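For clarity, chains are labelled A, B and C in written order, and residue numbers in each chain start from 1.
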């Protein structure tokens, strides 16, 4: 009878279908509602980051144009925030913000974030197979790797601030911190989700039949990683 | 970002004993009264609340509109100062777009779409409640700026850098910005919810090409929202960063390009236009076939033209920027693209005409408003073509010609369609029909007032009267038509209010007669929402409908006899489901959606006035998320994030009802 | 005037074509009503320049296409609805009309036909877009050098008035900021503007004076928010965006006054940011420009009021306003967002002030309250001050002293502005009130301003 249920209907003896992934509900696409919703949400997020990245690119280009043209308002603002004259000169000479990056450091933290996608997959696999011990290890590892990335970002922001790249001191600063900060907030949200899963797991509530929950968090986590690959390439690598 | 947390809302799946995580709050169970409305997760009640909230905001936006018209009635009028006028017209546009037209679309989508696809509720009922409350509370917060911020003064389009702190130091624009950000969260969660419902919860047999046109248009609309809202969100985040945290995104002195705002705003703003009109297109596509007693002409063309509008709507945003200085190459590309978006719209108009052609038309109020949409929208569409031609647009843009154009599209189009929808589905929502006598007054006053108000604006615009003008002088020669428009606006206001009067008068008459049953199918309807009782029972369908064709309900009533002639074999009432909720469990009400929604404006006020105020907001949000996540601990119906109350007796066998379905079909 | 005549002629032709139905006449009613309005100074149906005519010619046939579609669809729908109506009381559930589900060839036809029609319309549209980008010489607007023969004018919008700059000395609009020996190249366009604008150029406000019969190229920008420059009878509009340089062209067939209005919402007094283009015969234009290039007169001892007025100007107005008489210093660090106020060097040669909302001279030519074309004969425009000082020539034609005094004493009461320092930026927008000036002092300032011809 479960297959005849309307989607939001709930039969009294639903315990019978509770091992079923779709809970016996008729699903027109053969995909659970939650998973469909997560994909839709991620689709929407693509536009969010698309708009942010576009704004960053435009703002950076305008910043470089003004610095190269020697716009005194822009340059004085940088110097007033403590940016060394050499860096400003390098901006002008190279017509690029490249002198600012610490590529090895950011590459390392990017690598850490990418590795967390791997542990996320392993966590999902473990839950799916009912291997609760390993699932906790991999969930914790994913959260830890994500936190390491965030710690790296906090360190990087601090270093940049000390070098005079402030949020309100230049168009470039505003755009850079907004874009990477938005991504950082997304990672932080993911970490909170992972920790919540971990708590659920320790309380014995993250059983095999809830593997989809882990899968959903995983989808989100992979998305955030992919966005970082894009941001890392666009912001740091492409001159 | 509640949706981010949503996976956490998944319960463990363990059939634990119901724990009361926050013991003070036991789960609400009322089915009537205020508490029910505050905690309901029923899509129909939420739809009705969307409509009621939109009507409330319509009064605010309408009063603003009348103030604008009074100010412009005569040359050199001093009723409103420049500052007051700017705030009033900004709030008029903002309220009407975000808090009236969009929510009425959401009202119909919420109330109707699950009924049309044969579902008991939307995919995520609690998120649905959350979407409504965050829209309503965000909208209220936006409107509190009338009292504590003076209202936004940058126009609904709010161009940079005029929206910056240097040019608008009052908090009005902050309210606009934060308020709409909050409302946008509701639109986003709502769109995810409704798309999931359409795509995943259709009745057995209802393939995509058997969905009613309204459901199709809802789907397209929600996809537009899904992708358009984040772009506006980014624009607003950048603006908030500039205004509140001294960022430089629109600071020209620091090298910024103000056109960034225009691009972001219109990449959102143009799909926005279509997502306001498409629900109304869906509504008249249901009303016209019903009262013409013919199927919609060219269903696939209607569907695909809607989809085409949805896609093409993304490629024409810069036609709002023909004079912004984007260069002749861009102007050429967007001008040509804009001209061709007239094609799918034109197809719809012609298909409606073909549906009317040769029909047996019952010209009741719903039908009159539908015909009103077809004619008035055509005028708006034609004037649209004239400024798709970029050179001509350089004369017309930012004049009253544009004001006339988009009011013909959004008032004569969207709002007339919504009025048709009100008259058509009112019995399904409330159990009684609206009075036809009052309805005729409602329609004719509106159509006359509307054309008197906005028709002259074509002339004013072509005579060179710019928009957003607090006043004009005698010598400019705009006096006569402005006065006509003002008179028209008051006729229009009276006409519009009549729908509310009608609702009250008709209700009282119905009550006097002892609330007779209007019947499941008062209009000889075509789609499956007419196969259930009126007003629609809480559980919608006693048994799952099984759909075998487009206009399924109609085809069960009318079938060909031996000679192939269509005969009525059943009346709607014979086929209607009795409305017996036995054995159906419904998602239970919840406090958390409204609590979570209420936390957002508090955070918003905090951003504007004092970051300290954010702390209670964040605490409340955390509490709400926590309570939400833990609430359905005894809920097994996990993938809807919803909840079932346990008041029902043991599940009786539903096969009886299924058997009944088989005998009648 | 040729314009209204041709407009009327076109209306006559239109009337002659009204052979189809009375409904077609109704359809054209709105347009005709708009087109036949002679007392509408901003009318978009009265082109007086090749550019505006180009737009009008593009649209003329399209109004007719739109009119025909309007009649067919709107009245067609109404007729179909009326003829197929059934009274609700006569409703018979068995009486079904033919159940037509669609007609694919027909629907394809009415998908393709409009697409083809629009494709046809697109061709002249694209042509016109590029035609309107044609400039008056081979080199870019605002550039100097060989081949740059056409007249270029810089148009700068700010809250809530327009500034115009004429490069009379031929070295471009910009200083050679980057020191590469080429003035006015792209790198010299610094922001904020006053860093690089050439102070030796002729600077005027509110009225854009151009030679008739010549295409004048405009280079447009803004000092604060976005404005839009629009003289409907001379061309469409173009936004002036801070931080960006846009180009546009205008041209006037005949000498005369052409009214315009800022058309991009620009804040408090958007409704009072008006302007006009004044076209003079080329010889007159040269004379006008020569006069503008001169320093302002310094009043002599025979005019003690004006001398006192100049002193008052120095102590009050000079904080923001420029009067270049070789002695009064240019203002520095103006406490306005736009960092500029109208240049008053030749104030008395203008017909309007305060963003085009008041007449400098009342009761005669150039009275802003009478905005018709021929209200301002170009001959008179060169001699406004002289005419006003000679009351015999025109009855009641005089300096609008009362309005000028009201304005100087309390400008924010006349026009919505925000002159008080913004709490965030410390900068104001618009002209402050000078309520502590006595009536006599106001008279003296006005007397001084009247000498600035």
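Here is the rule we use: a residue touches a chain if its C-beta (ideal position, glycine included) is under 8 Å from a C-beta of that chain, and two chains touch if they have at least 3 such contacts.
What you are looking at is a predicted structure, and each value in this text was computed from that prediction instead of being measured.
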Chain closest to the middle [Cα centroid of all protein chains]
B
Best-connected chain pair, where connection means C-beta pairs in contact
B-C
Distance in whole angstrom between the CA centres of subunit B and subunit C is 39
Which whole number of Å gives the spacing of the CA centres of subunit A and subunit C?
50
Please tell me the distance, in whole Å, between the geometric centres of subunit A and subunit B computed from their C-alpha atoms.
32
Give the residues of subunit B that touch two or more other chains, as numbers and ranges in rising order.
253, 255-257
Where subunit A touches two or more other chains at once, by residue number
66, 71, 73
Spell out, as numbers or ranges, the residues of subunit C touching 2 or more other chains.
191-192
In the complex with subunit B, residue positions of subunit A that touch it
1, 4-15, 18, 22-23, 25-29, 31-34, 36-38, 40-41, 43-45, 47-48, 50-52, 55, 58-59, 62-63, 65-66, 71, 73-74, 77, 167-168, 170-171, 173-175, 178, 182, 186, 189, 192-193, 196, 200, 203-207, 209-210, 212-213, 216-217, 220
Which stretch or stretches of subunit A touch subunit C in the complex?
66, 69-73
In their shared complex, at which residues does subunit B touch subunit C?
81-83, 85-86, 153-155, 159, 161-162, 165-169, 252-253, 255-259, 292-295, 297-301, 323-325, 328, 331-332, 335-336, 339-340, 342-344, 346-347, 349-354, 356-364, 367, 371, 374-375, 378-379, 382-383, 385-386, 389-399, 455, 458-459, 462-478, 524, 558, 566-568, 571
The residues of subunit C that touch subunit A in their complex are 177-178, 187, 190-192, 195
Touching residues on subunit B, where the partner in the complex is subunit A
1, 3-8, 10-15, 118-125, 188, 191-193, 195-196, 199-204, 206, 226-231, 233-235, 237-238, 241-242, 245-249, 251, 253-257, 260, 264, 267, 541, 544, 583-587, 629, 636-642, 644, 648, 650-651, 654-655, 658
